[in-house]
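Before I ask anything, let me first share the structure, which is written out below as C-alpha cells.
Think of it as A, B, C, D and E in the order they're written, each chain with its own count starting at 1.
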Amino acid sequence: ANDLDRFAGLSGDLKIAGGTAHIPVVKEAAKRIMTLNPNIRITIAGGGSGAGIKQVGEGLIDIGNSGRRPSSKEIGTYGLALHKWAIDGVAVVVNPANAVTALTKDQLGRIFSGEITNWKELGGNDRGINLYTRDESSGTRSVFWKKALNKGDIALSANFVVSNGAMKTAVANDPSAIGYMSAGFVDQRLTPVVLDGVTPDAASIRNGSYKVARGLFSNTRGEASGLSRQFIDFLLSDQGQAIVKEKGFIPVK
Amino acid sequence: MTPPKIKIESLDFYYNNHQILSNINETIPENAITSIIGPSGAGKSTFLSLFNRLWETTPGARVEGRVLARFHHSFMDINTPKFSVTQLRRAVGMVFQMPNPLPMSIFNNVAFPLKLAGIKEKEAVQNRVTAAIKACGLWPEVKDRLEKKATTLSGGQQQRLCMARALVMEPEILLLDEPTSSLDPRSGAMIEELMVDLKQRCTLIMVSHQPDQVEKIADHIIDFTPGPES
Amino acid sequence: MSALVCCLLVLLILGFMIVTGLPLFGQSQAMDLLTGAWSPRNNLYGIAPMILGTLWISLLSVTISFPMSLGCAAYISVLGGHKKATVMKGCVQMMTGIPTIIYGFVGVFLLVPLIRETAGRGSGMCILSASLVLAVLIAPTMILFFIQSFDRVPRSWLDAVDALGGSRVQKLVYVVLPACVKGIVTGTVLSFGRALGDTLVALMIAGNAVQTPNSLLDSARTLTSHIALVSAADFESMEFKSIFLCGAVLYLITAVVILGARLIEKRGNHE
Amino acid sequence: MNRWGEKAVYALSVISCMMLFGSVATLLCYLLIKGLPALNLGLIFGSTPVGDALLLKRQVFDGIFPAMAGTLALILLAITIAVPLGLLAGIYMAEYSGRFTRNVFGFLFDLLSGIPSIVVGLFGFSAILFLHHHVSEALVPSLLVSALSLAFLVLPYIVKTTQMALETVPRQTRVTGLALGATKLQNIVFCLIPESFSTILGGIILAVGRCAEDTAVIMLTGAVASAGLPNSLFKGFEALPFYIYYISSQYADQAELNQGFGACIVLLLICATLFILAAIIQRKVKHTLLYRH
Amino acid sequence: MTPPKIKIESLDFYYNNHQILSNINETIPENAITSIIGPSGAGKSTFLSLFNRLWETTPGARVEGRVLARFHHSFMDINTPKFSVTQLRRAVGMVFQMPNPLPMSIFNNVAFPLKLAGIKEKEAVQNRVTAAIKACGLWPEVKDRLEKKATTLSGGQQQRLCMARALVMEPEILLLDEPTSSLDPRSGAMIEELMVDLKQRCTLIMVSHQPDQVEKIADHIIDFTPGPES
C-alpha cells in the first residue's frame, strides 16, 4: 500500500519549524502529502534547532525540528516527545583547492581555537586559515562543538554564517576556509575532511565509525497526535525514509 | 459721494512685534473704486488683506481696532469671531498681483468658488461661469478651449480669468492688488474698463502703482506715502 | 489623532525594549554590558564588539558614499545636460527600489571573493566589503536628497550666475554648494541612519565574528545582524534578552543622529 | 578658480557617476547572467501546470508563485493599513498641529523612521508572543502581524512626505483657495492635496518598495519557507525576499541557487512594475482629480 | 541714428515644437536705448535672451537664423560654436525683472562677476566695484554697509545693485527685462535716469510695458504686437 494513504480524508493545518537541515526532507514530504490531499496545509519555517524546540514547547507550532537531542531540561519543562527519523553526520569541510584533506581531532581543536593559523603548519599551502562557524542556536554547531571539539573554544575571529547554505557558499568560494556542516548538504564544490582517518560518508556514519553525527529529530509537545502523528509516521515509513536517503541523510530504518 | 460700505476705525497691524499699520481711520464708499497708493513696503497689500481677513493665514499677524462692513443693513465688525470667515470671503472677491490660476481647466477654475459653496446644479453652474467669463471679455478667446489647462493662457488672459473667478460668486466687494502691473497696455486697459463697469454692482478696492491709472479710474484715494514726520 | 497613536507606539517600543532588557541589568552592571565581551557560555553578554562593528561599518559606508553621491548629485542637477540628467535621475530613483537582499546576495558572490583576492588575507567577509555594498545601497537615497536640496536653490540665483557668464562648475562651487550646506549635512546624517539600520547586507557580508575589529579586513558583527543571529535562540535565555539591549542602543544612536540632523536644520533656518 | 580646478571638479563628478552606475550595472549584469537561465515558468510554477496554478486548482510546491502571491498580499495589506493612517497624520501635522505638537511629533516621527527594520520586527515578534501567552493561543506570527509591523515601518515615510508636500505648497496656491472662500478642509481637499499629489504618491511608492523588499521584519513575524498561497490573515505566508534569503542560506545545489537568482530578477521586475505603475497612476489620477467636471 | 551694434537676420525661435518667434529681422543701434514692447507672451523676454544666449539654459529651446554682433570691428554670429558663451555673457550684462541679488554681501555681489572672470588683485576689484556702485547712484546708500547681506536692501536698491553687478564688467551691451515694473515710481525714475546716463558707454536693450517710460527714454522701438494678420 502507498504510505501516503494514511492522509486520506484528513484535513487541517500543520505548522513545522526549527532546524534548517531538516527542511529539504520535510519540504519534499509536505509536497507529496499536499499534492495528494489539498485539504491539508503544511507550513514549514526554519529558525534553528533552539527556536524549533522553544516554539513547539510554547505551542506556537505543531512540530519543532531539532538537529540535536533536546536537553533533558527542555524535555522536562515542555513535556516533549522526540522522534528521530534520520541520522546526519556533521562533516568538516574545506575548499577543494586545499591540499589538506585529513585532520586529527586534536588538530581540528587547535585550528578552531585559533592556535594554528596557517595551512602551512598542516602541510598545506602558505595561506591563513579562515574559520567559519554557525550561531549559538544551531544544532549543527552544538553537535560539532561537543563531539568534534570536545567543548573546546572557538576563536573570536571566526566568521559566523547563518545556515548550511551560507556555509557552503562561504567555503566553496574561499580557498583558505574551513567550516563544518550537515553531511547531507555536502556536494562536489566542497571537500569533506577525513577526520581521525574516517571519511564522513553514509556507511561510516551509519555504522557509527564517524563519530561526529547526530539525529534529526521532530519534537512534539506531548505524544504526537492527529496530523502531526501521521506526518511523523510518514517520515518513518518506507517512502519517507526514501526521501531521507535521497536528500543525502542516513535513514534510521 | 456714495454712502460708505466699509469703515475702518483706529486700526493697528503687526507682524509679530513689527508694526506695519498704525492708527488707520478710513471710509470706503460703496459702488466706487477706491485706490490705494504708496511706496513699496508701505503696507498696501497688508491693508487689502484686512477686508477678507486673508492676513489670518500669515503666522504672527495680528490686528487691533475695528473693520466695519455693511453687508445687509447695519455695520458689523468683520473681525469678531462670530463673523464666519468663509462667508466673508465668499462676499469679498480678490484678484492678486500675479495671476494665480489653479492647476485645473479653465472652466473648473471659474467654477471652483461655486464648488466650494456647494452649488451643484449643472445648468446653474454652466450659466454663472459663462456669464462671469463674458463679463471679463474673455469669452471669445477661451470659448473653444474651456477644457484646456488654465496655465496655458497668456498672462493677460490669466489675469482676466482670475477676475472672472472672483466675480462668479457675485461678490459685494472686490479687492485688486495691482491687477494690471504684469500686463501689457492693451490687456491693462481692458481690465480698467471692466472695473469701471463693475462699479454698478460692486465696491472695488485696488492697489496701484501707476499714477495715470489711479487718476483715470479711482473715485477715492487712500495714500500710504509716509508723511515727512515718519 | 493617528499622529497620536503613532507616537504612542514609538514610546511603546522603547518601553518594551527597556522592560525586557531589564533583567540583564540585574545580572551585571549596565556598563559591563555596553563595554564587555560576548561569550554566552561564560555568562558574558557584552555587546561592545557589536557596537564598534556597527559604527565602523556605517561610518565607513557613509564616508565612501558621501563623495560619490555628492558628485552624482552635482552632475545630475548642475553639471550635466538636461536630457542626461533626467535619465540619470530616473535611474537613481529606480535604484532605490532594488531590494536590499539583492545587494547582499550579489555581494556575497561577487565582491567578497574579489576583496579576498585583492587583500590577499582574511576571508573577504569583512568590514570593507560590507561598507562598499552599503555605500552603493545608501547612495541613491543620499543623491535624491542632495538633488532635492540643490533644486531648492532659487532659480533667480542660477539665472544671475548664468547671465554673468559663470560656467557650470562655478555655479556649483560659488552658489549651489554654499546654499545647500545644510541640506547636504542633513542628507548625509539621515543616510547614516539608513546604513546603521541595515541588517541583511551586514549579516550576509560582514562575517559576523564577535571580536573587536581593528582593521578594515577584519570580520565584524553589527547590532542589527546580532539581533538577527541571536533571535533564533531560546526566548527566555539571557542571549535573547540581550538583543533588546541591542535594540535600545540602536534606538539611542538613531535618536542622537536625528537630533543632530534637526539641530543642523534649525540652525540653518535661523540664518 | 582656474581652468584646471574646474576641469578637476567636473571630472570628479563624472567619475562618481561612473562609479555608482558602474557598480549597480555590474550588480544587475551579474544577476541577469546568473538568473536568466533559471527564469522560466518552472521557476514560478514548479511542476504544476500553469493553468491549474493560476486557477488555484492545484498548489505550487517548488515554484515561487506562492511567494509572489504572498508578497503581493503583504504589500496590499500593509499599504491599506499604513496609507490612510499616514495621510491623516501627515495632514494633521502639516495643517492642524500647533507649534509644540509639530515639534514633538515631528521628532518622534523622525525617530520612528530611523528605527532599524529588524528592531521593528523584533517588536512585532515580541508583541505577538506576549499576546499569544496572555490573550489567545490562536495568535501566532502570521501575515497580519507582518503586515502590521511593515505598516508601522513605512508609516513615518508616508507621514513625512505628506507633511512635507503640503508644507511646500507655494503660499500663492495655498491662499488662492482661501481667498475664494474655501474652508480649511475644502482648501486641503480641493487645492493642497491635488497640488502635492505627485510628491505624496512618491512617498507611497517608496513605502510600497520598502514593503516589497523588506526581509528583516517578516523574517521575525511570520514569513515561512513553505506555506502555499496565502489564504488566511492568521497564518504564516511565503514572500519573495524571504525566499531569496532562504535560498541563499539553505540551497542544496547549484540549480537551487540559480533559482534564487531568478527570484531576484522576479523581485526586481515586481519593483520596477510598481514604479512604472505609479508613474501611470500619477498622470491619470492627477488628471481626474483636476480636470474632471 | 547711431550705427548698428547688432543685426538679427531671419531668426526663428522654438520651444520644443512650439514656434515663438518667426522670421525676425531687426537692427539694434549702438549707444542707444532700444525698447521692446508688445503684449504678454509675445516673446519679448525670449527675444532678449537671444543676445546673451541665456535661452540655452532652457531645455528644448532652439534657434534658427543669425544674430550678428559687432564687438570689435566686424560683425560675428554669436551663435556659432566657436563664440565662447562665457565671453559673450561677460560682454553682455543683464538685469532681470525681479531683482535677484545672490546670497552674499553687497560688496561680494557686485564683485562676483570679477571673481568669475578670475580677476583677483584686491585693489583693482575694490576700485571697479566702487565705481560700479557709484555709477548706479547707490554709493551713498550702501557705503557704510557693504558687508551686509544684499537681501537686506529695499527692492529699488536691490534692482540698482543688480544693475551695478551687470555694469562691473563694463559690458558693451546691457539687457533689461522690465527693470522697473516691480518698483515704486520713485525707484523706477531713478533707474530710468541711470539708463539714459549709460547710453554713452553701452548699447541698451530694454523690455517695457509702460508706454510713458518707452516714450520718455527709448531711441528705437521694436514692437512685438501681433499684426491683424496673425
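Heads up, the rule we're going with is that contacts are C-beta pairs under 8 Å (C-beta built on N, C-alpha and C of every residue); 3 or more make two chains touch, one makes a residue touch a chain.
Keep in mind that this is a model prediction, so the values were computed, not measured.
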Any chain in contact with subunit A as well as subunit B: D
Rotation angle superposing subunit B onto its copy subunit E by C-alpha atoms, nearest 5 degrees: 175
From subunit B, the most remote chain by mean C-alpha position: A
Inter-centroid spacing, subunit E versus subunit C (mean Cα positions, whole Å): 48
Gap in Å, rounded to a whole number, between the CA centres of subunit D and subunit C: 19
Length of the line joining the C-alpha centres of subunit A and subunit C, rounded to whole Å: 35
Residues of subunit C whose C-beta touches two or more other chains: 108-109, 167, 170, 204, 228, 235
Multi-chain contact residues (two or more partners), subunit A: 58, 161-162, 166, 169
Complete list of chain pairs which touch one another: A-C, A-D, B-D, B-E, C-D, C-E
Sites on subunit A touched by subunit D in the complex: 13, 15, 17, 20, 23-24, 27, 30-31, 34-35, 38, 41-46, 58-61, 161-166, 168-169, 185, 187, 189, 247-248
In the complex with subunit B, residue positions of subunit E that touch it: 37-42, 154-156, 181-187, 209-212, 225
Interfacial residue positions of subunit D with respect to subunit C in the complex: 1, 5-6, 9-10, 12-17, 19-21, 23-24, 26-27, 30-31, 34, 85-86, 88-89, 92-93, 97, 101, 104-105, 107-112, 114-120, 122-123, 125-127, 129, 152, 155-156, 159, 206, 209, 212-216, 219-220, 241, 244-245, 248, 260-261, 264, 267-268, 271-272, 274-275
List of subunit E residues in touch with subunit C within their complex: 52, 54, 57, 59, 85-90, 93-94, 96, 98, 100-103, 112-113, 115-117, 162, 165-166, 169
Touching residues (chain side subunit C, partner subunit D) in the complex: 1-3, 5-7, 9-11, 13, 16-17, 20, 67-72, 74-76, 79, 88, 91, 93-106, 108-110, 136, 139, 143, 167-170, 172-173, 190, 193, 196-200, 204, 224, 227-228, 231, 235, 243-244, 247, 250-251, 254-255, 257-259, 261-262
